Each structure stands twice: as structure tokens, then as C-alpha cells.
Amino acid sequence: MKISVIGGGSSYAPELAKGLLQSRLDVREVWLVDVAEGLDRAQTVAALMRRMATRAGRSTSFTVTTDRERAIAGSSFVLNQFRVGGLRMRGLDERVPLRHGVVGQETTGPGGFASAMRTIRVAREVAEQVDRLAQGAWLLNFTNPAGLITQALHMIGAERTLGLCNIPRITERRLSQAAGTEVELSVAGLNHLTGSWASANGTDITQTVLRHPDATRAFTGEIPYAEVPEGFLAQIGFIPNPYLSYFFFPGERLRTAVEQALSPEGTRADRVQRIEADLFAKYREEDRDEPPEELLLRGGAFYSEVAVDVMAALLAPSPVNLVLNIPNAGAIADLDDGDVVERNALVSRDGIRTVPLPGRLPPVLRGLVQRVKEYERLTAEAALGGSRRAAFQALLAHPLVPGASVAQKLLVDLEAANQGYWPELH
Amino acid sequence: MKISVIGGGSSYAPELAKGLLQSRLDVREVWLVDVAEGLDRAQTVAALMRRMATRAGRSTSFTVTTDRERAIAGSSFVLNQFRVGGLRMRGLDERVPLRHGVVGQETTGPGGFASAMRTIRVAREVAEQVDRLAQGAWLLNFTNPAGLITQALHMIGAERTLGLCNIPRITERRLSQAAGTEVELSVAGLNHLTGSWASANGTDITQTVLRHPDATRAFTGEIPYAEVPEGFLAQIGFIPNPYLSYFFFPGERLRTAVEQALSPEGTRADRVQRIEADLFAKYREEDRDEPPEELLLRGGAFYSEVAVDVMAALLAPSPVNLVLNIPNAGAIADLDDGDVVERNALVSRDGIRTVPLPGRLPPVLRGLVQRVKEYERLTAEAALGGSRRAAFQALLAHPLVPGASVAQKLLVDLEAANQGYWPELH
Amino acid sequence: MKISVIGGGSSYAPELAKGLLQSRLDVREVWLVDVAEGLDRAQTVAALMRRMATRAGRSTSFTVTTDRERAIAGSSFVLNQFRVGGLRMRGLDERVPLRHGVVGQETTGPGGFASAMRTIRVAREVAEQVDRLAQGAWLLNFTNPAGLITQALHMIGAERTLGLCNIPRITERRLSQAAGTEVELSVAGLNHLTGSWASANGTDITQTVLRHPDATRAFTGEIPYAEVPEGFLAQIGFIPNPYLSYFFFPGERLRTAVEQALSPEGTRADRVQRIEADLFAKYREEDRDEPPEELLLRGGAFYSEVAVDVMAALLAPSPVNLVLNIPNAGAIADLDDGDVVERNALVSRDGIRTVPLPGRLPPVLRGLVQRVKEYERLTAEAALGGSRRAAFQALLAHPLVPGASVAQKLLVDLEAANQGYWPELH
Amino acid sequence: MKISVIGGGSSYAPELAKGLLQSRLDVREVWLVDVAEGLDRAQTVAALMRRMATRAGRSTSFTVTTDRERAIAGSSFVLNQFRVGGLRMRGLDERVPLRHGVVGQETTGPGGFASAMRTIRVAREVAEQVDRLAQGAWLLNFTNPAGLITQALHMIGAERTLGLCNIPRITERRLSQAAGTEVELSVAGLNHLTGSWASANGTDITQTVLRHPDATRAFTGEIPYAEVPEGFLAQIGFIPNPYLSYFFFPGERLRTAVEQALSPEGTRADRVQRIEADLFAKYREEDRDEPPEELLLRGGAFYSEVAVDVMAALLAPSPVNLVLNIPNAGAIADLDDGDVVERNALVSRDGIRTVPLPGRLPPVLRGLVQRVKEYERLTAEAALGGSRRAAFQALLAHPLVPGASVAQKLLVDLEAANQGYWPELH
């Protein structure tokens, strides 16, 4: 079995290799694809992977290339984990919107819009190459904003595309640990915009979870506790994805983002750049044959586990329940059938079936999800067709963009900052 | 035929009388109901109406009472145009949210939330009395927020309730005048949150309208022109209800509202109080037998025309196309069947049928309307059941309320300001 | 002895009468002067005063008039306590600047600027009438901004003018009560912008006072305690006038002022209007022969005591130490000799001598006082000469006005709100 | 004659060498002192200087060292142009205050406070070494904030210290060019906080200059023209130092600073870092024997001219009129004799005498200058004695710091950012 990784020089890649080497998957070849500027990093990663394989006593080969077609050809799985423009552009995604009093946020926020506009056309190329050169292969997309990229790929007919995220897995593990027994999650919404419900041994324990003080703190993070309405989680009635805090506490999040951008340490992108420099220094250690612990700081916990589980399930005879970003197909009554949603699905070699959500989305989530899906469709349309009108409408539809005049200024500014990366808008 | 007007001391009432007296409707009795504090105003209005009837040579009787049951009993039409707490409370609706950096706006904004919380339980009483004492009567609701009140009444089964608004009629007239020919509007959305499409002689002229410079100015009103993106209306692609400017230009609207509230002239409620004092002085002129021209300043143009047209249509054998607030019944694919929408409907004595909207709502409107409908349902639930949780969720779901901490503070403040008017929340 | 009170319909006036009736001053006639609109209030006040005199067994006469010249003629003391434009204009002083993000504050703030511009030309007329019709009389000015009005009057040569304020007396009494012994204050600065030092039985107790937790709370009032730096008073090293909080906590004060203006209760002027309505209802009680306790709510504690003490001292053979607003005459090294300052002075029938301040003003006060004095001079110049340039410079020099563009907009707005009250600017 | 330059690796240094080599000063040795991290840069600069000397046919020697004592010993002039902590710390000076809504501004703003706290103790060491090792030498200080550093050095008795700035010279040249004749400036105030008056051929041309449209634009720079009150310069009546725009247009300057800090290009320090990288690349060109034109971008026009003129004047028999930062000595009536002011002075080998300013400072400048001088004294006190209380009072006294709570937070933040650079505060 051959696997190709687009964005193979990613700092996350060693984690993936670890998962593959520990799994029962019979992976013969791993191809790491990167652009010319990323080649040195990809080589570093491949060398580490080879040492890891030796340690694991496996004969998997690791090949680095800039030739995406060669890598994709004949793959069973193609993994997207590239980042167009690298951390430098992510820094601008996070910084530029702040000038207009809008949080950047590189996944669900306007920063994610800028990033999607850079990414979608590359993702389309990848999808077309997969379609042409690797029949029957699955395209697993980790590249952020993962839900929006997957939405765009399905809009152009790339049906064998799945979007993946590690947050449902992290949440499940955290709750299991706290409960002392295995907890299962029912997840529904859009990527980074989901509600979840927990059950243990067949009993719904959601209300217990929501009433636990740690749950609120886990959600609100660095938001001053005095700002959080008493019993907030119980009041909304579901376990919210941590990224929902950008929508439920926008003022606090914006203030924090501005303070961070103006602090000596800079934005998250600035910090990640320093973390990555340290990581690659470790990757280069010649006697190192496993990923360093510091990789956890980078924020990709369980990422390889999710990836390996999905690949295994897609090869297995009996269905496994996994949370994926795939077309709704009736599972969530509040969204259209073709809308890509994040939802539990039954996955096997015979295909994928979303699990229907009983009832409707909870009210404070429903309208929000509907509005953000509208934004996603418009963004995909803008990126695929280069439509300035769709781009403007996308920002106007985004719940975190306060109106048309800001949308317009933001579009102008982001376009200028992304010159050479975005499609020409007309 | 007997008509009863709940809130008969309203400054708008003489306009209604004018419409009735000019129409072919055979109205024998008009009953003006008001609360004790409004009685003097209602008497003033009734006296003017009697002089108007004399001038018109009609024998309609005008009766003033505080006994709502007596007035409603046997009515063919009951008109809601009452305002719980009067302009003083409207002033607080507009002012209090500004403390939290949120526009009040007494219809679509959080001010409308506070007002709906005061109004819905009175409206429910009225609806129950109509059901009990005036079988077969129609309840025509003008009381704002008209769409939300109508939504609440349908949620408790008051099926013969219609919500009315003069804005579609005003828009139609303005466009007809500009075009020099009769223009017809297709209207879809929620009250004060609609998109419209215009046709003249069977041809769609929407794009022409949107490209006319006056159209943009009419929409943006006092918003500084430099803030409006070029070709804004053409970019969104439909004729927006003027109240959508609160959602498309929230920063500008907030700034204006704060400036107004801090200006010598005060909020709109403060101004209206002065306008009404002048109006009633005129109503009291003993030789006056028609409404003064200044009534236009009050903002109720075409109000009586709409009321009379609806009543006439409900008595007529063949259907008339009118814009109403009624249950969707499949007309707009993006909303549930039971949701009250503002939409064209065919109205006759045989009933009311919404006209299906071809296609979907335009993208920047769709998600917004879905989210506001969620807010409306939650508000109705809070007002009907006294649920503090629903009230909090309603504000959290409102697109103009920036998040949970503001929602919470706003709820506390509005509750304090509305003591004695709101249902007890628990 | 004849005393005339300009602004005799002031709600404070009964307090003054109480002081006069209790004192040993041989006051035969009290003349209450007011404008036509204030006449009814002045009559109410005079009637109450007559009942008070009867109770006190004194034969003082109380005369109400609109004829200022008749009242002033032959007076020994003329007291200014008028308010040009009444509370309605004070409301605008407090409200209009908020539109530009500037606190109004009707004494030391830009609201006081607007008020001074209305007041100074009336005060000049009074001073000229005193000079002409009541030779040797003293003009005691309580009208706010008291320091600035006194500055202006000295700039036009009205040498026998004193500015009075009750805050030093209030502070002295509060500290004496807390210390359980008589405390004496050394006060230095400008009206409402003073530092004080306390001594008891000849020992300086300032540092003890500053370290007492109540002292900080007394100063910071409604400012959230978390915002006050630890040991704030000890850090600045003197007992600050409460109005200095507008300069030391401008952000907090502005926020509170905006919140108040947008609250149901409105600005301080709105509240005072309600308090005064209640007060005058009490004044009108026919069996009332003393001021009601509620007068304390109005904020004029010790006002009459200060007035009576000053008058008594000016008639006494040996000098009394009193805090006055008078020309510096070398007492404070950081200000010019002719600058009107608030400072202890030795007062007797032989004249007034300011007590030299040992050393210099404390650093955080010195530069502030120098800048505000500059603002005062410019304001007086603008009011006396109608100079638009001086008016603009005054606002630009004011520490609470953030720069030239705000100063300009503020000037335009205040000028519009004060039409008919300000001198024509050119 | 020996000259030593403290901070010899400064990018400005080649400009100084150019001036020295072109002048008639008989400079035999130039010593460039820098810290270990700056040594490479200093070597680069020295090499360029040697090529420049060769080209000029002069035999001046250029020595690089980290041994400040050796360099200073026997110098006739010691020039301060060091920057403690380099551009990295300047970046924090500019960035950190923005978090609290305060402009950083590395000279007159709170950024300058942070910088002075780093600099003063090094400057004191230099002054003590000059006193000990180079009797009769003059210490010329260019290090910013130049006025405040000079103030501090005079406070510890370093009498032969002069503060220098190129802005008066730049202004004089700009006006001369515009007028087509030589213009002379009378300058009064504090460094970067001066007013100027211009004369040509003995005639005062200030009003003509102020009415010229270019003058306003030159002052207001990037401030939107709509924000500048009409005839602003004529209204204030003197030629303002460009840095006064931070005080006259604080809102606009803050907005611009925040936008810059959040822009892709970053703060001025970020930009200067890129400019300097380019400059040193040019300095390293082996055939280069003069400073590159790009040095002008760095902002040091006329810097060497001012330095050379001052040195020449201090050696000349007859007095030259130059603008210096030196003790007031009665020249400006509004400041104390010992206060360091920026003012014209007559300079010769017999000493320095400030030229008395006729009259007083203009009103909008006077109070501002007095308040800033208070801030300077407090800052010097804090830096020299490590007093936390003086540091807090300094920030509280600064006109751009809005009050005590901000002052406190700012102090905490700046102290954290300057760990290892500031004296320990107690």
C-alpha cells in the first residue's frame, strides 16, 4: 500500500509516521511531497521517519519529492496537510483583520477565509490528480479550514474526499479520562462549530458533563471567568466545540487577540514559528528515532490516530463509528443534503453512511451553523470562480464580520496581503 | 360590521378611520379600547373620528372603552395597535442596550426583544378573547415587533392572526412613482428582514432598480456614503428592507444611535413623544374633521390603506395578492412550514395561501433570516413560558448581540428596566 | 446690613437663610433676585425664609425681585448663586461632550467650559453693578465653575470678589470626625483641583490619613476598586480634592458618565431636576419653618456655614484662617501672582492675605494645575472677548480634551447647544 | 584632537565621519565604542570611515573598542549615540503601550519613558567617566529621549553636557528653501516639544509661514486632513515641533500606531531594522568610500552638521547662535532655572548663554511643557534612584497616559518587558 502526504515537510508528519508504523496497515511506501522551499524540511522529516522505521523493524520506504503527480500515482490514500504560504501567511491571516476590529482566527474566522482562498485552488489540483492518477484512492484532508476545504472539493465533485479533525477525538478522550469509563460522542454541526452529546455505557451523561465546573473552564479557556454567565454550558445545553468560543465570546476573544498581537510574543503564528524551529532542531538529532515530546505543544494530539483509524476503517469489512466531515445526506435536518457537515458516520470498505441526528440542532447552534454554511458556500464559490462578489458576500455573511463596510475594507486588505496567492478576483 | 381597535388611543388611529370611511366596507361600529391612562387620548381620537364621519356623511359609531371583552365581542376584525408601557418604555428599549455597546432598535433589535417580552402576554389575552367572544373574526396585528408577535400567536394556535406592515406598500409606491408605471413586489423573509424583487408589466426590473443611485441612498439613509461599498445593492442582488441596514451596517447604526441618545434631541422615542404631543393638540382642535398632515412625520404612511385592503380581501370572493406575516406553509424553502414569514399571499374569503418563492433566499439573507427566526422562536418561548434560559438563548442567538457575556448583562438590565411589565422569569 | 442673593430661587437658598438666622450677623434685609422664569421659585423660597425667621424670632425682611440693581444697591454682601440656563442647560453640558468621548463634568470638565461661557458675561454685569451701586461690598461667588468665574472677574478688575466652595470644609469635618479631634487643612491648587495636608494639634497627620483605607474609598467613589493602584493616595502623597478623580481616573469616569446618561435615570442634571421638584414641594408646605433634610441630597452641605463664616470674618477685627479662591499673591510658587488660586487665607476687616505654601506643589499636581490655569485664562478671555480662537485654544489646553480635532468638534457642538446663551464668537 | 563615539556601531556614524572629514576641525583620532554584540557593526562602520578618510586625503585614525574608558580618556568631545537594548527593545517601547490604548512613541511618549529608564544609568556611567578621564571635555548627547537624558545628567551635576537634536536645523533649512532666503528660528520649549518663530532678514515671518498650506501639511503628516481644524497653525500661533502632533492629535496618532503595529510591515522599529540591514550591506561594499544615499531614509538628516557646528562653536572665539538642550537659566520665564530646555544659545569657547525668550510661551504650549517637564524630572528621579513611586508618578504626570489605572498597568508591563535593562525598582 502506498500513501502520499501533500505537505510532507509539515512538523506534524513524524506523528503520522509513528501511527502508521504502530498500526497493522501494510504500508510499503510513504511519499512526502512538498514545494521547493519546503524540501529541506521534508528531507529532515523523512530521515527521522527512516530511523523510526528501523527502530520499529519495518521496511516502509520514505521518499521525498516535489513532483506531486509521481507521488499521488497509485496511492491508496492521499493526505492533505499542506499550508499555502506557510506560517508567514498565517501570521497575516491572524493580524490583518485586527486592524478592522475583527478577530483573525485562522480556521473559523476571517483569517480562515483568507487561508481558504489560498488553499482551495491547490486542493482542487490535488483532487483532480487523485482522480486521474490514483483511482479508488481516498483523499483525507487535514488542511485547515478543513470543513470548508472539504465543502469546496465536494462542490466540484471530488466525492471520495473526507475532512478530518482531531478535536472530537480529544474531547472523547478527555471526557473518558474524567469519567473513568469509555465515553462516546455524538457530534453534529460544521468543523470547529459542533455540538456534542456524551454517553457512557449506553446512558446519556451530557447534562452531568455540562454541570461539571471543569467543563466550563475547558471551554472558556483564557476568557475572564467573571464574563462567563453562571452555568453557561447548562444554559446552552450541549458540549460546545472549543472554537465556538469565538462566536459566544467574540469581544473577549478579540481583546485577547489584539493583546497577543501587540505583546512581545506576537500572534499564535509567531509562537508556532519558534516552536517549529525548536522541533526541527530536534528532528535533526542523528540518534533520534521517535518524535520529541515537544510535538504535543504544537497542538496535533491524536492527529495520527485519527488518520490511521480512518484508513483502517475504510479497508475493514464491518462498520466503525467515526466523526468525519462529509456530505450531510439527511443526517442533520437543519442543513441541505449536499452540505458537508461534521458528524458521526459508519465507515467500512463498503462505504460511508452518516448517522442521523435525532431531532434538530439546539437553537443557539442551528441558526449559527446555517449562517456559517452559507459563508462557506460563498467562500468556495469565490475561490473556485474568482468572483469578487461572492468573496464580498462571504465576508458579509460571516457572523464575526460586523457589516458591509468592514467586509469591504477587509476584502481589500486581505487581497493586498495575499497577492500572488489568491485567484484573481473579477 | 363591528371593528375593535386594541390601543385605540394610538396617534395612528385617525388614519385608520380615514381609510375605513373612504372604503366600501360597511363598518357600523368602531370600538376603541385602551388602558385607563390612555383613555383621555382615546376619547380625543374618537371625537375626531366622529367629526370625520360627519364630514364623510357616514353613520359609523365610535365607542371608547377600557373593557376589552365588550369591545371584542362580536367583532369581525380586531386590530392590535397597542404599545405596552407606551413611549416611555420604548425609550428604555432604545436606550438601555446602548450601555452595552448594542443598538436598541425597537423592532428587529434587542429593544424589540424587550418590547416583545412585554407585549406577547397581552397579545395572548387578546387572541384568547377573540377566540372566545368573536368567532370567525380575524386578528390583524400591527403591534411591533409585528412578525415576532404573530409568530408567538401562531405558536399558541391563534390561527386567524395576520401580521401587517406598511413597508412593502411604501416600497411598492416609491418604485411605482419612480418607474412611472405600476410596480409589483415579490417579498420574502421575516418582518423588517425581507428581500424584494420588483416587476413592471410582467418584466423583472430588480437589477435596474438596484443600479439606480437613489435606491442605495434610500436604503442607507444617514449612513455616511463613504462607508457604503460601491454598488452595494447590486452586490447583494435584491431590494433590501430598510431595517436590514441594522444588520448590514451595524457599526454605523450603533454610532448614530449613541450620538442621538446623547444629543439634545434624545432618542427616537423622545422625538416621537414631542411629535405626538403636537399631534394630539391638533386632534383636539374642535373644527378639525380630518387627520393633520403632520401625521406623516409619525411614520405610518399607508398604514390604513394596508388595513382596509386586507379586510376587504378577506371578505372578497376572488383572491388578492397582498404581503402578509403568516405561516410559511412551504413558500420559502429555507424556513420551516410553521414559521411565520413575511411573504406575498393570495387572500380571499375562502382563505389565505402563501405564494411559493421560486428558488432559495439569496445567500446573505438566508442564514441571517434563519438565525433571526431562531431568535424569534426563543423569544416567544421566553415570553409565553417565563423561561429565563430561553430569554438568555434568544439574546445569544440574536445577530446584533455580540456574545454571551453581553447577552447576560443585557438580560439583567432589561429585566430591571421592565419590572412590572415582563413575565416573571424562572 | 443688607444682603442680596443673585439666583435667589436656588434650592440652596433656604440653607443660607438658616445660617444667617443662626449667626450673630445683624442682617436686616435679604433680597432674592431671579430672572422672570425663576420668580415663582424665589417666592416659594422667600415664604419659607419668612416662616424660618418667625420661628427664630428675628425680624429680617426677605424681598423678591427681578430688578438686580435695586437689590444690589446698598448691599454689604452680594452672593452669586445663579445658574444661567438652569438645569436644562446643565444637562446639555453633561451630555453633549459624551458624543465625542469626553466627559462633560459641569465644573472642571468641558461642561464647565460651556457653563463658564454662559455665566461670565452675567457675572461681569453683576460685578459692575456692585462696583457702581454698592461701594465697599464684597462679591461672594458660589456659581460654578467657581474658580474660573472668580478668575474672570479678577481679570476685569473686580478686586473685591471671592470664590467659595464647600469641599474644603466638608473634608475638614470628615477628617475631624474620623480623628476624634479638630483637624486643620492646608489647601493649595485651583478650585476642585486642590491638594490638602492635614494637621491635628499642631502635628502633620497627612500620611496617616492617606494610609487609612477609607480615605482611598472616599476619593475613588464609584470607580471599581480593582482599577485603583494599591496605596494610590500614599503614592501621590497628598489628600486630593474629589474632583481630581476626573483627571486621575478619566477612563473610569467617562465610562460611568456614559452609562449614566444612557441609563433610565439619566445624567446628574436629570436626577437633580427630580430632587429639586421634591424639594420645592416640601418648601411649599405651609407649616414648614425649616429646610427639609432632603436638602442634603442636593449636595450643598456646609454651604451656608462657609458663607456666614466668610462674611463674619470680613467684619471681624482679628484674622481668621479660611480657604478662599483669590489671587495667588505669591502663596503658591508654581503659579503667577495674579492667578486666582484656592488657598488658605487670613481674613479680617483689614483685608485678606494668602498663606504662603511651604515648598512647591507635589509633582503630579503641579503640571496639571499649571495646565488647567492656562485653560481657565483662555476660557475667561474667550467669554469676555468673544474670541473663537481663545475658545478653541481653551479646549485644546484642557487635559481632558484629547486633542485638536475633538476640541474643534466639541466647540461646534457646544456653540450650537448654547445658542442665545454664549457671546457671539468671532 | 580626539573624539569618542559611544554607540559607534550606529548606522548614523558614517554621516558623522563625513561631517568631520569635511570640516576644519583637526580631528586626529576617532574612537568607536560599542558593546560586544555591536562590535561587528562598529568594525564595518570603521572600515567604511577609513575608506572615506582616504578619499578625503585625511589621516584621521579610526579605532574600534569595547573598552569605553580607553576611548574616553583624553577626548575633547564624547558623543552619545548608543541605544540600550537596540532596535529590539525599541520595538517593545513602541508596541507594549498600545495594549493599554496608549501610543508608545519612543521619544516623547511612554515608549520614551521605558527607553529613558534603560538609558539613564548608562549615560550616568559615561558622564562619570568623562568627568574622571577627559577633563574639560564636552559630552554631546544625541541618544533619545535627548532632552530627558540631558535633564538627568544635569540633575547629577554633569554640567558640561549638551543635548542635541536635528529637528530645528531641518525646520530652518526647509523654511529657508521655501522662502528663497535664509530663515532664522527662535526655538523654545523642551526637546521635541518646542514652538518656533521664524525671521528672515530681520523681519518676523512666522504668521506668513503659518498661513502657508504646506506648513499645516508638514506638521500633520499622515493625519487625515478632514480631522485638522481649519487654519490650525494660525489658531495656535507658532510653528510647532512635528512631535507635538502626538499631543495635539493623540487619537489619530494612536489609531495610526495600532494600525501600523498590526500591519504586515509592523512598527517603525520593525521597519528600521529592515532599513539598517540594507544600510550595513551597503557599508560592507569594499569599493564604497562615502555613505549611501539610503541613509536619508533612516531619518538623521543634518545630524552630523549639527554635531560639527557645535564642536566648532565650542572652540571658536566669537559666539554662534545654536539651538541646544541646556539648563534654562532664566531664558524661558515659565520654567525653572535648572530645567533643561531646548532653546537658542550663544556658544563660544568662553561658554554657553541661553538667549532670553521675549514674553511667555504661547498658552497651548506653556501648560503642556510644564507638565512634561514634571514628567521628565520624575522619570530621571526614578531612573537614578530606582524609585517605583517616582516611576508611577512619572507615568501619571504624562499627558498621553490616561490616568492612574493605565499608568499602573503600563508600569507593570514595561517593567516586565525591560527585565535586565531597568534599574531594580523599590
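The letters A, B, C and D name the chains in turn, as written, and every chain counts its residues from 1.
FYI, a contact is a pair of C-beta atoms (placed from the backbone, for glycine too) under 8 Å apart; a residue touches a chain by one contact, two chains touch by 3 or more.
In this text the structure is predicted, and so the values were computed from the model without any measurement.
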{"item": "Set of chains whose contacts include both chain C and chain B", "value": "none"}
{"item": "Farthest chain (mean CA position) relative to chain A", "value": "C"}
{"item": "Averaged-CA centre spacing for the pair chain C and chain A, given as whole angstrom", "value": "65"}
{"item": "Cα-centroid distance, chain C relative to chain D, in whole angstrom", "value": "44"}
{"item": "Touching two or more other chains - residue numbers and ranges from chain C", "value": "none"}
{"item": "Each pair of chains that touches, named by its two labels", "value": "A-B, A-D, B-C, C-D"}
{"item": "Of all residues in chain C, those that touch chain D in their complex", "value": "227-229, 232, 235-236, 247-252, 363-364, 366-368, 370-375, 377-378, 389, 392-393, 396-397, 399, 402-408"}
{"item": "Residue ranges of chain C touching chain B (in the complex, touch as defined)", "value": "92, 95-96, 98-99, 258-259, 261-264, 417"}
